[in-house]
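Both of the next two complexes hold chain A, though its partner changes from chain B to chain C.
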Partner chain A sequence: MTQTPIDRLARATPPTLSRKVRGLSDRAIAWIFVAPTIFLLLAINIFPLIWTVRLSFTNFAANKPNAEVKWVGLRNYERVLTDEGIWASMTTTAHFLIWTLFFQVVIGFTLAWLINRKFRGNDLLTTLIVLPMMLSPAVVGNFWTFLYQPQIGLVNYVVELFTGTPASSFSMLGPGGLAPWAIVIVDTWMWTPFVMLICLAGLRSIPDYIYEAAEIDRASKWRQFWTITVPMVLPFLMLAVLFRGIENFKMFDMVALLTGGGPGNETLLTSIDLKREAFEKWRTGYSSAYAIILFVTVFGLASIYVKALNKVKER
Partner chain B sequence: MTGFLTGLLRLRRGPWEMLATILIALGVVMLMQPFFLWAYTWSFLVTLVGTVMFIVVSHFPE
Partner chain C sequence: MSRKTLVATAALGLVWAAQAHAQANELTLCWAAWDPANALVELSKDFEAQSGTKMKFEFVPWPNFADRMLNELNSGGQLCDLLIGDSQWIGGAAENGWYLKLNDFFDKEGISMDDFAPATVYAYSTWPKGTPNYYALPAMGDANGWFYRKDWFSRPEIQAAFKEKYGRDLAEPKTQKELLEIAQFFQGREIDGKTVYGASIFTERGSEGITMGATGALYAWGFKYENTPGKYDMEGAVNSPAAVEALEFYKELYKTATPPGYDNAYMEQSLDAFKSGQVAMAMNWFAFFPGLYADPNVGGDKIDFFVNPPQNVAGSTLGGQGISVVANTDNMDGALAYIKWFAQPDVQKKWWSMGGYSCHNAVLNDPGFKDSAPFAGDFLEAMASVQDFWQEPAYASLLLAMQERLHNYVVADQGTAKEALDGLIADWTEIFQDEGKL
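Moving on, here comes the complex of A and B:
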């Protein structure tokens, strides 16, 4: 009989130790396996969170570790919540959030509805549509800066082709109010396939017999769409909206590479603003309060997201 | 509406979760709207109350 490494290890274990292990309950063994994960979770996630909450009540600055740290109570929160600059970055984030969600839902749902039909090359087309989602946001940010270049970029030439506006007369990422739309276009290009996939899952979960029953009742295609398709895909669509909403609320990498928050503060999203406050201005206590405000908002949205997810699971 | 209010009085999960969800959504809207600074100032409190309420009421019976 051949011996496996486990058999050899079992034989090599001293009898006193093996007796101890054999005496452990299932619950204890489960804890032994789970303990490293719980320890890492506490060390990497929970402890920094608690520490950030603590820092948000102080005037601590990370670049002055030896300076006296004073307890300032709720003053950091008061300052963040009355700061018009941060309010402006919140509205910039809202513009980004609303328009990306709008375009992604409209285009994503339309694509899913079209792809859901049976035709030749369906699988290949789905794979091609999904490709942008597979790319790294850093890569996407970098190559769209080239596409948006006024002199060599493809985007300006396409605009010139359709509108007649000279390619070098405007810059998508420069001053002129186009930059907030430039980041909306890139995010929509990248993440519409995700919304499409979720909508497709929703459309494919609708049983055919419901449509057959509607056909027997002589319901028109338009009525079938509004009374069967839309209500049954809605929970999935809501899930996609919440997920993309949370992700875009935290958006950093792609926009940081595309515009860095500029020109001026035109594309200064909250995450980029927070990074400036924390690691450029070194206002650690203040930026901790800022981070906690964003965290509570994302946590609240995530709670709704989990609730929506459970509703979809129940179907 | 009556069912919703009865559910609230009987501490049922559904209506309380709905109320917490409305508070969170209201807080997010207040945080990101560009019209009133006072709404932005109070948004965090509304979101925090909604979020804490959501955590508490998710332990209520169905």
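Moving on, here comes the complex of A and C:
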């Protein structure tokens, strides 16, 4: 007979507890404990998801509660998938996602590799490096807006100092194609320490005896790096990429404060676009379809990625 | 029931009754967080003294005002008893039952809309537009105007340099093109050892900024939303050659005569640029003019004001709001009492004297009104030629579409003015089709 999770939970319940509650079986007690969680999960996650799917097939607008709600079939999905603006925001999101992941992995791994060596001030340096990720994204968005300000911002002055380009002649958040890179820089600054910490955990989990054995076999440092360090840190690195990938796919606050999606639509990420459709234009049915498409995309990509991660871990 | 339980229940009942009583004697008024709101707090102290009602205020910064308040109304929240909402909201608020219709109340209390400036009644109170169905009392007249550094304009060396370049005296611009020339003249000029710029204008992307700024140019070129009012026939009106020229003008103004990094600026940034001595001219709402005139650094005899200059026609972008009673308030009598008090001519006169822009004829038609403030005459002139954005229930979608199209063209350099306006017609057509109006 197969055991359900409830059965397993019931068996794990201490016998003394079941004896104290008269008239209730172990199974009933287990249900009592689990029920609030299941209820909350259903109420907060599952029900809204099902409701969103339902709304995505209608013309419902949340700001018109008295209007007739019509069933429109797949029309919302068709409109989302044929909307050039949405494909543009998908492209912008992909640009943001790919480049932030690339820079965070390269810089984060490099920092972890350097920090992993024993030297004086190691702990202090580690603490300083992780400071940015302790800040609120709203704070980061606001103060980078000042750093990028062409007349008083530090960034433009540094560029002027090294290149001679006048500070007020360009705007990192303005027109000219720099804004998509400006948001990549800020996210990389803020979240590279997170990737570094995970990589550091991976590096410190490699037993010294493996390197010692490699030394005895006269393996070069380069070979040790590629055949020991990288493969053994890879599952950690992939986990960091998964976390950051999901986070950046739904990035909103920091970019909303930095650019608000502008100039024009140059930094309009899907999450900002979706918020505008849902809560500014009040196209609830349409935005529900948009949200479902995004959900399926993230879920699908994440599932494929997790399978790959498991394969790497099994190696 | 034990004695202890009885005592506890009675105490709870007393607390509840006290709270209910306090709520009945309280009114929450919601508005944007800006200078006139502070004046209203002071003005409302008279109402508190007369009625015994305690006034509470919920002021939200402009960039979040529409988002916050429309969400509040839409969710049936009871935060506000009274709301001074933007003129464009009135269609949606009336059709969705968010605002109380005030006709019966006005009739009962003898409040006549004939006592208020017709343009403000039309814009702030009526839905459908122009019909005698009132959902608000005109509370705060406003339009987008201009102010400039009078002290810079009057300097002999600057006057001479301008005359040499343009062959005329440097003075308040009489047309939009003159405004551009003056702004370009000041762009990058050294004044008192500082580099200054031409003008601060609205370019903000997130809420309504660039639309409110660019319509100042569009209206001056004769822009219309429809060929026939109420028909939603936009082709040839929204993208007329005059509209294209106006939008190209606004882009040139932005590209050649604004401070660096001025790509997402609205009211606050415009005020900052002017107050910090960065710009020679700035656009902003008349609501800020009393505060600017009183500014110790750039106010007084250093500043002067002018109405949005015409090009083909006179036209200014309408701001301002009416005061409405939120339909699901739990203090309806108190809210209506406030409206009745606020509509009185004496209160309206005091409102103007404290920095609020009254729309009452008793104030505006007073022979001394034009001389009561350096910007009063400009305000009257502006209000005579104001034009507002769509006031349709779908106004938010219509506004966001225009924000996107204008910002893409003006700031982000994408496409041409004609393409931007053609795209805008396509967006608006789709919205009106969804609304069942096309």
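Note that the second predicted complex is superposed on the first by the 279 of 315 C-alpha atoms of A that agree within 3 Å, B and C clash if a C-alpha of one lies under 4 Å from a C-alpha of the other, contacts with A are read in each partner's own complex, and residues count from 1 in each chain.
Heads up, the rule we're going with is that a residue touches a chain if its C-beta (ideal position, glycine included) is under 8 Å from a C-beta of that chain, and two chains touch if they have at least 3 such contacts.
As the structure is a prediction and not an experimental result, all values here were calculated from the model.
Judged by the touch definition given at the top, the superposed model places A:129 against neither chain B nor chain C.
In the superposed model, more residues of chain A are touched by C than by the other of chain B and chain C.
Once chain A of one complex is fitted onto chain A of the other, the partner contacts of A:97 are limited to chain B, with no touch recorded for chain C.
By the touch criterion defined above, A:178 reaches neither chain B nor chain C.
With both structures placed on the common chain, the touch criterion links A:201 to neither chain B nor chain C. Of the two partner chains placed by superposition, only chain C is touched by A:151; chain B is not.
By the touch criterion defined above, A:260 lies against chain C but remains apart from chain B after alignment on the C-alpha atoms of chain A. Contact with chain B, but none with chain C, is seen for A:304 once the two complexes are overlaid on the shared chain. In the superposed pair of complexes, A:296 makes contact with chain B only, with no contact to chain C.
Once the two complexes are overlaid on the shared chain, A:87 sits against chain B while remaining clear of chain C.
Touching of chain A by both chain B and chain C, each in its own complex, is seen for no residue at all. Here chain C touches chain A in the complex through residues 67, 70-71, 74, 92, 95-97, 205-206, 259-261, 263-264, 393, 396-397, 400, 404, 407-409, 411-414, 434, going by the rule given at the top. Contact residues on chain A toward chain B in their complex (touch as defined above): 77, 81-82, 84, 87, 90-91, 93-94, 97, 293, 296-297, 299-301, 303-304, 307.
Contact residues on chain B toward chain A in their complex (touch as defined above): 17, 20-21, 24-25, 27-28, 31-34, 37, 40-41, 43-44, 47-48, 50-51, 54-55, 58. Partner chain C is touched in their complex by these residues of chain A: 59, 62-66, 148-151, 153, 168-169, 171, 173-175, 259-266, 276, 279-283.
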